[in-house]
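Note that subunit A is present in both complexes that follow, paired respectively with subunit B and with subunit C.
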Partner chain A sequence: MVATIQVDNLEIVGRRGRGAELPIVRNVSFSVARGEMLALIGESGSGKTTVALSLLGHIRSGCRISGGTIRVAGYEVTALTAQERRSMRGRVISYVAQNAGSAFNPALAIMRQVVEPALVHHILPRRDLEARAIALFRALALPEPETIGERYPGELSGGQLQRLMAAMALMTDPEVVVFDEPTTALDVTTQIEVLAAFKSVLAERGVTGVYVTHDLSVVAQIADHAIVLKDGAVREAGTVSKILFQPQDLYSQALLAAAEPCSRQSEGVEAPEQQSVLDVRDLVVGYGRSTSAGLPEKVIVNHVSFSVPKGGMLGVIGESGCGKSTLARAISGLQPWSAGELLLNGVALSGNVTDRAPEQRRRLQLVAQNADSVLNPSKTIGNTLERAVRFYSGLRGEAAARRVSELLEMVQLSPALATRLPSELSGGQKQRINFARALAADPQIVLCDEITAALDTVVAAAILDLMKELQRDLGLAFIFITHDLHALQSICERVAVLYAGQVVEVGPAAALGEGFHHPYTRLLHDSVPLMEPGWLEETRLRRLAETMPATLPNPSSADAGLCCFLTRCPDRVAGLCDRIAPPVRSVVHGPRVLCHLPASIRPEFSS
Partner chain B sequence: MAKRKQGAGDLNRHLPALIGRRIFAAATSLAFVIVTVFAITNILPGDATDALLGQGATPQAIAAMRHDLGLDRSVFLRFWLWLWGVLHGQFGYSLLNGLPVADAIRPRLHNSLLLAGASAAVAVPVSLFLGITSAIWKDTLYDRAVSVLTLGMVSVPEFVIGTMAVYVFAVRLHVLPALADVASVHSIGQFLRAFFMPVASLALVTLAQMVRMTRAAMADTLSAPYIEMALLKGVGPARLILVHAIPNAIGPIVNAVALSLSSLLGGVVVIEVVFTYPGIAGLMVDAVSSRDVPTVQACALVFCLTYLLLTTFADIVTILSLPRGRKA
Partner chain C sequence: MIALLGKLRGKHDRAVLLIVFWLFLALLGPLCSSQDPGAIGSQPVFSSPSITHLLGTDYLGRDTFARLLNGIRHTVILCFASTLIACSVGTFLGIAAVTVRPWLEAVTGRLADGFLSIPSLLFALLVIAVFGTSTVALIITMGIIYAPGAYRTSRALAQRIVRLDFVTVARARGESTAYIVLQEILPNMAGPMIADVGLRFIYSVLLLSNLSFLGIGVQPPEVDLGSMVRENMLGMVYGSPAMIVPVAVIAVLTVGINLALDSSRGKG
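Coming up: the complex of A and B.
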């Protein structure tokens, strides 16, 4: 049988600016049989997207194919003219981009864009295409399939756009679909729905696929075969089960080890002191004019309370839009709050960072998500750190330089890096510099906002190790804000689960998988894909079995102070959850949960 | 879902508010301009009596004349009288010949608008074409040539270009008249002969900025992920530019064009003087040298108003061209 995709000895070179041409893809060969899904696994810079795009005959500017052949569904892609390439793209092979939010044209309605590939290839008249698109929207479980096409990209959520993009890719009934990290930008609870929708539609149509990803648990769910790429070369190829369970190559093994959920909690460490370093009490943060009650028009963080013990590590988890970042901005004094208070060592902090005492500012430091936007690109690392050292400790000259070397060693970087510019460092190194800058203040507590989100798995794992070491060696306390449950569980002692601006649960991080939890915590925990083939189907079946209770008579939960998870909750009780605000309940040695259920647990109404 | 729909409703409510706020800002600027124009023309030393009566005038003659012209009244009273007139389209009477300023301005304004309009009609299409094509063929020889030429143009002041043109075409080659004799234009040939040099000089200096801004806006759009996506859907080059790129670049482009056109106003003043063109700028320059305050005030107001209209228009287009669901 002839393979649908056949790539032989592919070589792609590229240049940066006026530099010499460097190889980006080296001698890559693979084939995909009809109806199968191949996963291209690799970290950023591995050339996986370059290979995927080359299947459509698209090479980004500055790069070119310097050798090898690509055959897709009978076309020799490497030998096509521009005209032929255009006629093939979107019709024979289509593409689902990583970030549907930016891959949809913001100025055009969704329907116009979805029917476009079929329209430019004159497959059917527009009216028939629109009917076909609506059928696809329905198959991909999109809400309001009849009218969703009239909306504009800015009006839809990330998960919806990603599914709409899949619909667009399938409009022409292509033989091959290339997926480029289509779920990376999504929340886990959304990812599972999108993956299931993709999988069933692809299987139904017998589409051959290429799936680019760095997430091995997703590979386990969706692909038949996989190849592991590093620095543009194939390190290992084989069936998914072979690569995931018996990896031969050292690099594949390292990737797997980093993806494996592991605990960094050291057994021997004494329990952190119970005295708290930071207390958040009933914090309300929002935007817009304040109402008569003194609360903002649009509440983002809704009466949030938690505390961080000295030397402890608290994780804050929640999906995008739950108020994580607003909370981080409020704690760091960049976004004033409307109600509640924030105590550092028992002393109230101002909501405005400029009103905080220098000593208070020194003790509470922020490490931001994107090191690139924090480090001044025209200043050397040494300059940046020395400035922070001078500002906080007043050291100068020789002493300051010594302190900079010390800081670099603390984050496990060579002091020689002090002479480099940020652009000469890797993503992981920049994030360490970001840490060193915070450590220059000799803080008591460090607020980390999604610091591993932009990093590759292996690099992120090393940063988590670093955090744990800093906690042990310097007695630092951390607030780790993240959407990655595995990362959180591996380093944090306690976790606060944030949903729609409310803390729905606070408890020990280790026990998230067992015992009683808030229904949202359970949903979150169960949505993180496991590296087991078949997990997706099982979870989906289990979800379907949990039939949702009868719809509630239009509860306006926000106004009445009712449960914020009411509309999505599988366990809600009519007549209780839609009428009475949920109490705080706590389990002995377990979490405190904002929920009515189960009634057997002792409620603890917080006054 | 209901929440998102409400978001779209918010947008429909916000849009008139945004535009209303912008118009209010323009009105405020206009009020400020009116006060400033009056204040500045009154701070200037000397008045029309000096210019009319000459240096040998007796104090009695000056006092009598000041009384006749109303210059001996208090500044505030004069301001209110002037403002009242302005609001009724009445800019007062020229201190030189006693004729209504509005009557003197009308034909001159017409001529200036003709000159500015003709220049814009040449400059806008040419610069859109050059800007869009050089963004499409970015970093090619063509792009670099356009970029060097436009940069060269923007660095030469308009009076140099105008004077050079007069020297070459009128003085040396004798192919075009040195003066723009608008009164004797009766045919298209005469129109072209009279307008060629002033229009070309004006267009050249405004072109550069528009080309560069258009290129930047277009290049920015062309590097967006949705353009690559359209390419991967098999969309052809013409459709790519017209359907996918231009609707997203049009806001910044129109903004750049309107701002450049407002800088055309400054160019008009210089060019009218160089070619002794009978426009409003020439009138204003004459009025300044003869201290004809009501005429100066009226001309200054007309210039400021045109400038305000253009920039307000640019901002409103930008607001309208924001994609749905992205409006703040």
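Coming up: the complex of A and C.
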């Protein structure tokens, strides 16, 4: 049988500015049979997106194909004229981009955009296309398939937009669809829905797919074959089970090792002191005018309480929009709160950073999220660090320079980096500098806001190792805000689960997979993909088996103090959950949970 | 001169050199000619270039070269001064709007919108009708006219930068607003702001030339490039340098400064 996609000895070169041409893709060959899914795996800069886009005949400006052939569904892509390429794209092969949020035009209704590629190729009249689109919406398990097309991108969630984009790609009944990290920007609970929808639609239509990703557990769910790319060359190719379970190549093994959920908890080390360094008590943060009750119009962080012991590590986990970053801003004094208090070593902190004593500011440090924007691009690394050193310790000249070298060594970087500009560093290096700057203050507690989110798996693993080392060597306490449950479990002792601005559960991180938990914690835990083929189907089946109780009459009464997870909860009890606010329940050595259920189901829990 | 330009390594240096060249010409240029720019000689009007009159004579038989050097002085100094005022006021307010208090942004923003909605020539006519024309009045008027544009540019740039994480970190550290503005924000908006300065300079040269052409800009016996063009309009029929050269100088000055500043942006 002739393969649908056949790539032979593909070579792509590119140049930066007026420099010499450098190879970006080197001698890449692969083939995909009809109806199969191939995964391209690699870290950023490995050339995986470049290869995927070359299938559509698209090469970024400044680059060109310097050798090899690409054959897609009978078309010789490299030999096509511009016009032939246009007629092929969108009809024979289509593309689903990473960030659906920015791929849709916010000013046009969804339906107009979804039918557009098919209209361009004059496949069917508009009315028939709209009918086909609605069928696709249904197949992709989108809510209200009849009317969702009339809505605008801003009214829909990221997961829904990603599925709509897949619908757009499938409108023309293409033979090949290229997916470029379509679920990377999504929460795990959404990702599972999107993956399941993709998989069933593709199988139903016999579409051949290429799936670009760095997430190996996603590969296990969706692909049949996989290719590991590094620096533009194929390191290993084979079936998914071979690559995931018997990797031959050293680099594939390293990738797998980094993705493996491993514990960095040091065994047998004395438990962290019970005295807490930071206490958050009943914190309420929000935006807008305050109402008569003294609460803000839009509450983002809702009566949150937790504490971080000296030298301890607390993980805060939750999906996007749950108030994680607002909480971080409030703790660092950048967003005033409306109620509650924050204690550092037992002393109340002001909600405004300028009102805090210098000593208090020194002890509590923020490490911000985005490695690309966290360093001032016009200052050298040395200048950035020196400023922090001088600000906190008053050291100058020679002494300050020595301290900068010390800090760089502390985060395992060469002191020679001090003369570089941020643009000359990699993402991982920037994040280490980010840490070094916080360490310049000699802090007691460091607040890390999604610091590994934008990093490759291998690099992120190294950052987590660094955090654990700093905790051990300097006795630092951490608050680690993340949406990555694996990362959290590997380094944190305790975890706080945030949903819709409320802490629905606080407990030991090690016990997350077992015992009783809040329904949301369970959902979160079950949604993290495992590196087992078939996990997706199993989980989906289990979810479907958990029959959702009948829709509650008025589920949107969050302001009445009812459970915030009410509308999504599979275990809700009519007449209880929709009428009375959930109590806080706790178990000895176990989590503290904000839920009704334990009392009714398990007698061993006490309120 | 060209050899010297070639030796300069960065485009940045070339831009600085060009600005220095024009300022130099403005300050010392009038010394280069022995002729009196105001003297009405016995020469015929609109005469061709000769040894005594390098660029010929104008409509009153005055030396064009001497008048040109004088005109450059007025145009360059007036426009540099007004651009400086416009851009410093605009940048200062633009950054203050995004760093100080939300109400300041609302107030300055609406004010700037108001000023921008008035046609600049009309506004200048109004101010001059009320206060009369003088060098200081012209500089301040043009400064006010172009400050809102600079304000909008700098506010847009600063708005993007203050949201970046390194500014957040500096705030969390407890740095003063002055430090954040001078060290964290300004260096990162310098490139586009410099290009903006070039644009404002062109606008002010053109506005001043327009005003002088209408006869309400620089007043006789002083002269600037715009008023030279107006005076010698008749010379166009004779192809007189008295009319053509000031036009060419306006073009070279504005395009040159803008190209130089534009190409130097992004280089810190």
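Throughout what follows, the second predicted complex is superposed on the first by the 597 of 607 C-alpha atoms of A that agree within 3 Å, B and C clash if a C-alpha of one lies under 4 Å from a C-alpha of the other, contacts with A are read in each partner's own complex, and residues count from 1 in each chain.
Definition applied: a contact is a pair of C-beta atoms (placed from the backbone, for glycine too) under 8 Å apart; a residue touches a chain by one contact, two chains touch by 3 or more.
These numbers come from a predicted model, not from an experiment.
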Exercise for the section: Return fit or clash for subunit B versus subunit C, each positioned on subunit A through the superposition. Expected result: clash
Practice task
Using the superposition on chain A described above, determine whether A:R402 touches subunit B (first), subunit C (second), both, or neither.
Solution key: neither
Exercise for the section: Applying the touch criterion given at the start, work out whether A:N370 contacts subunit B, subunit C, both or neither, answering first, second, both or neither. Expected result: second
Practice task
Identify the partner contact of A:P117: answer first if only subunit B is touched, second if only subunit C is, both if each is, neither if none is.
Solution key: first
Exercise for the section: With the two complexes superposed on chain A, say which partner A:K379 touches: subunit B (first), subunit C (second), both, or neither. Expected result: second
Fill in the blank from the handout: Between subunit B and subunit C, more residues of subunit A are touched by B
Practice task
State whether A:P143 touches subunit B only (first), subunit C only (second), both chains, or neither.
Solution key: first
Problem - subunit B residues within the subunit A interface of the complex - result: 1, 4, 7-8, 224-226, 228-236, 239, 243-244, 247-248, 323-326
Handout entry: subunit A residues touching subunit C - in the complex, by the definition given at the top
Key = 329, 332-334, 353-354, 356, 358, 361, 365-366, 368-370, 373-379, 387-388, 391, 437, 441
Problem - Interfacial residue positions of subunit A with respect to subunit B in the complex - result: 53, 56, 58, 86-91, 94-95, 97, 99, 102-108, 116-117, 120-121, 143-144, 151-157, 168
Handout entry: subunit C residues within the subunit A interface of the complex
Key = 164-166, 168-169, 171-175, 183-184, 187-188, 190, 268
